[in-house]
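Two complexes are shown next, each including subunit A; its partner changes from subunit B in the first to subunit C in the second.
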Partner chain A sequence: MTRDYLLLILSGIPMTVAVTVVALAAGMLLGFPIMLMRNAPWAPLRLMTTVFIAIVRSVPPVVWVFLVFFGVGADLVDLNPFTAAIISFGLISAVNMAEIYRGGLVAIAAGQHEAAMALNLSRWHHFRDVTVPQMFIVSLPAIATYSVGLLKDTAIASTIGLQDLTFQGRYVTEMTYKGLEALSVVGAAYILLSLPIAWLSRNLGELLKRRIAR
Partner chain B sequence: MTKPIVTLEKMSKQYGTHVVLPEIDLTVGEGEVLAIIGPSGSGKSTLLRCLNYIEHPTSGVITVANTRVEVGRDDSTRRIRELRKNLGMVFQSFNLFPHMSVLRNITLPQVRVLGSSEKEAEEAARRLLDRVGLADKADQYPARCSGGQQQRIAIARALALGPKVMLFDEPTSALDPELGVEVLGVMRELAETGMTMIVVTHEMSFAENVSDRVVVMADGRIIEQGNSRDIIRSPQTERGRRFLRAVNER
Partner chain C sequence: MMKLWMNTEWEMIRSWLPQLWDGLVLNLQLTLITLLLGIPLGLLWAVTVRARNRPVRYATLFLVEIGRGAPALVLLQFMYSGLPQGGLVLSSMTSAIVALVWSTGAYTSEIIRGGLESVPQGQREASEALNLSVGDTFRYVILPQGFWVAVPALMGFAILVFQGTSLCFAIGLPEILAQANDIGATTFRYFPAYTITGIAFAGICIPASILVGWLEHKVATRLRS
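Our next item is the complex of A and B:
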């Protein structure tokens, strides 16, 4: 494997990282209102959201990517592979984030809510100052774990022509017929990208647990 | 008794068909320290939690200072918040906010509920921390404090809102005896300042020596009440005698 080919493969890293980061950010943002709707006091909204989450989660990511790129992208609006990948993975991570947040909400000790009530905080301040920050802290390790999965899932977008790590690996394979070497580089690059997130998830969890544990 | 500040009239609490508190009547005078004792499951904590609407009572009338709340009739969110304004509460498990510094735990409610400025709130918080002997803990997080310290911080947090009555729900039950002493010391000082206090407790020496009056509860009912020393030393009911004998023989 020459240096040029190696660099060509690695040139896919920014695209992989970009799709992961943007989709994750969109998911973290959109997941919040989805979680609120999932917990809404009004039953029809709650039911609709539950069904929506189930549908998004039941369809394999690769089908979502095709649906958005070849379906929506071809018939309705013009979408480039990057936009299609962001939409697909943003949607998928949004519903997953909603479920992670919901778990975080449940994990808050009942005494926290009792204290907020006894201190006479308004419902809004109770939510904003007591519930939401703790929900996020409790959710962080799960979010980090999810983002490792998302990073790897974005490889699927190479099938619609997104020039990411996997796409470049396949491209080099086709040019050199040295699949083992090229794709090993790709695999190693994914591992190296995952490591900091995995490290963060483990240590973040410990750090926050230490802070929150009584 | 001095002028009543807390009055419960026929307050009841049931979960479905299970009656936890059948119609309780209770009056607490201004400046009085009332200890509620009795076996586990007798409804002591439920009584306290219904009084400030952390749990929704089923029926009755609750009056605290000038706020009279009729359960089910005149208990809008606004009325309940008015009721809670005069009630501070301290929990068995402290319930400090773990994501905020000790100082923020005490300033935040003041800023949010009383509308204090950050500066006023901080001054009040530091004064109260000093009073409970924890001035040096202001910038720590609760998890870095011992249980006894956390409970004293929780007392400071409740006092910062200027309540007329303080409710204590087994404040020392989660603490080992030495740490419990710190908390009881702060409570004793508070009682000396004339604060009205309702204390659910298993600390018989606190009940006997600090409280003015003891209420003994069993099976959701008040079975006995009166002058602390009399009740603790010579309970009149068979159930009360059995409970106190069990406590004293430990």
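Our next item is the complex of A and C:
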């Protein structure tokens, strides 16, 4: 495979990274209110959110991508592949983030809440200054692990024409009939992209243990 | 919502159901074959990844890292449109099985390894004291205890395998999503066609994950006692 084709494949990396980062950011933001609704004191809201999370997680990502791009994007509103990918993966990562945050909430040591009560912090300050920062820190390793999965899932968006790593790999395969090399490069690129995040998720736990009170 | 639904009538949807059902059966068959081949492969890799023989260990590590690190879609395309360059042409079903078994073997090897490592060291020491051979220790002491621990996670992974089979439309396998594409292309009712597909997945995966959750609870209480 020539250098030009190699560069063409690698030119898909920015798009793969962009979709992953934007979807992850959207998920981290939207996951928070979803988690709050999932833990709401009002039972109907809690039940509705539980069902919503179950539905989003039980439908495969590729079906969401197609539903948004061809289903909603066909005649209702004009969606380009990038927007459709962001909406689909943003939705999927939001519910997964909600579950990760929920796990983080449970992991906060009970003594923290007792201390906050002993200090007579208002409900708001207890939530904002004690619960949320620690919940977030405890969740970080799980978020890093999830983002590796998300990075690989975004390959699915190549099927709606998003010009990412996988799209370029398939394009070069079709042009040169050298799929063995082209797709090996694509696979290796995904692995190399995920290495730093995987390293982070392994070591973040150790790093952060010092930052949260026990 | 009404506009998205395009006044699709129940009669029309009912006429699609046999076609979608044929696709869904293929997804289920593929899931079953993948699990029947992939979990034993995962068990094998869980053992060989700790082998004393270096080439065996590194070869396993290499295969597991690719199976886990590369997106399933890329593995599928590698088998279907990459291998022909090397003179090996696989049908879409064979490509799908090879790619999904590889990825399943890689993920389940980690799950099973975690299960095997959860068996307390004292069990090995007791086996040694009883003069059990290495093979018998593994077969009768470590494996039954370790595998039981891994079962809920393996079942959770089986749900992901089932969801992953929907990627095989990309290599021309006539599974449910490919059928929905076909219906969409002929009727222009993409939204209803994909919605029915989504309902089919949710209808299977939601009860399955409730079952997995219940099993997790059972295993956790059994381990505590």
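Some points to look at:
Quick note on the criterion: the second predicted complex is superposed on the first by the 209 of 214 C-alpha atoms of A that agree within 3 Å, B and C clash if a C-alpha of one lies under 4 Å from a C-alpha of the other, contacts with A are read in each partner's own complex, and residues count from 1 in each chain.
As a working rule, contacts are C-beta pairs under 8 Å (C-beta built on N, C-alpha and C of every residue); 3 or more make two chains touch, one makes a residue touch a chain.
Please read all numbers here as calculations on a predicted model, not as lab measurements.
When the two structures are aligned on the shared chain, A:Met97 is found in touch with neither subunit B nor subunit C.
By the touch criterion defined above, A:Ser122 reaches subunit B but does not reach subunit C. Legend: residue contacts after superposition of the two complexes on their common chain; A:Gly187 is shown touching subunit C, with no touch to subunit B.
In the superposition on chain A, contact is made by A:Gly111 with subunit B only, not with subunit C. In the superposition on chain A, A:Phe70 contacts subunit C only, with no contact to subunit B.
Of the two partners subunit B and subunit C, it is C that touches the larger number of subunit A residues. By the touch criterion defined above, A:Pro133 reaches subunit B but does not reach subunit C. The touching residues of subunit C, counted against subunit A in their complex, run 3-4, 65-66, 69-75, 77-78, 81-86, 159, 163-164, 166-167, 169-170, 177, 180-181, 184, 188, 190-191, 194-195, 197-198, 201-202, 204-206, 209. Residue ranges of subunit B in contact with subunit A, taken from their complex: 49, 52-54, 77, 81, 84-85, 87-89, 91, 93-99, 108-109, 112-113, 141-143, 147, 150, 157-158, 161. Considering their complex, residues 54-55, 57-64, 66-67, 70-72, 74-76, 152-153, 155-156, 158-159, 166, 169-170, 173-174, 177-184, 186-187, 190-191, 194 of subunit A touch subunit C. Touching subunit B in their complex are the following residues of subunit A: 109, 111-112, 114-115, 117-123, 125, 129-130, 133-134, 137, 210-214.
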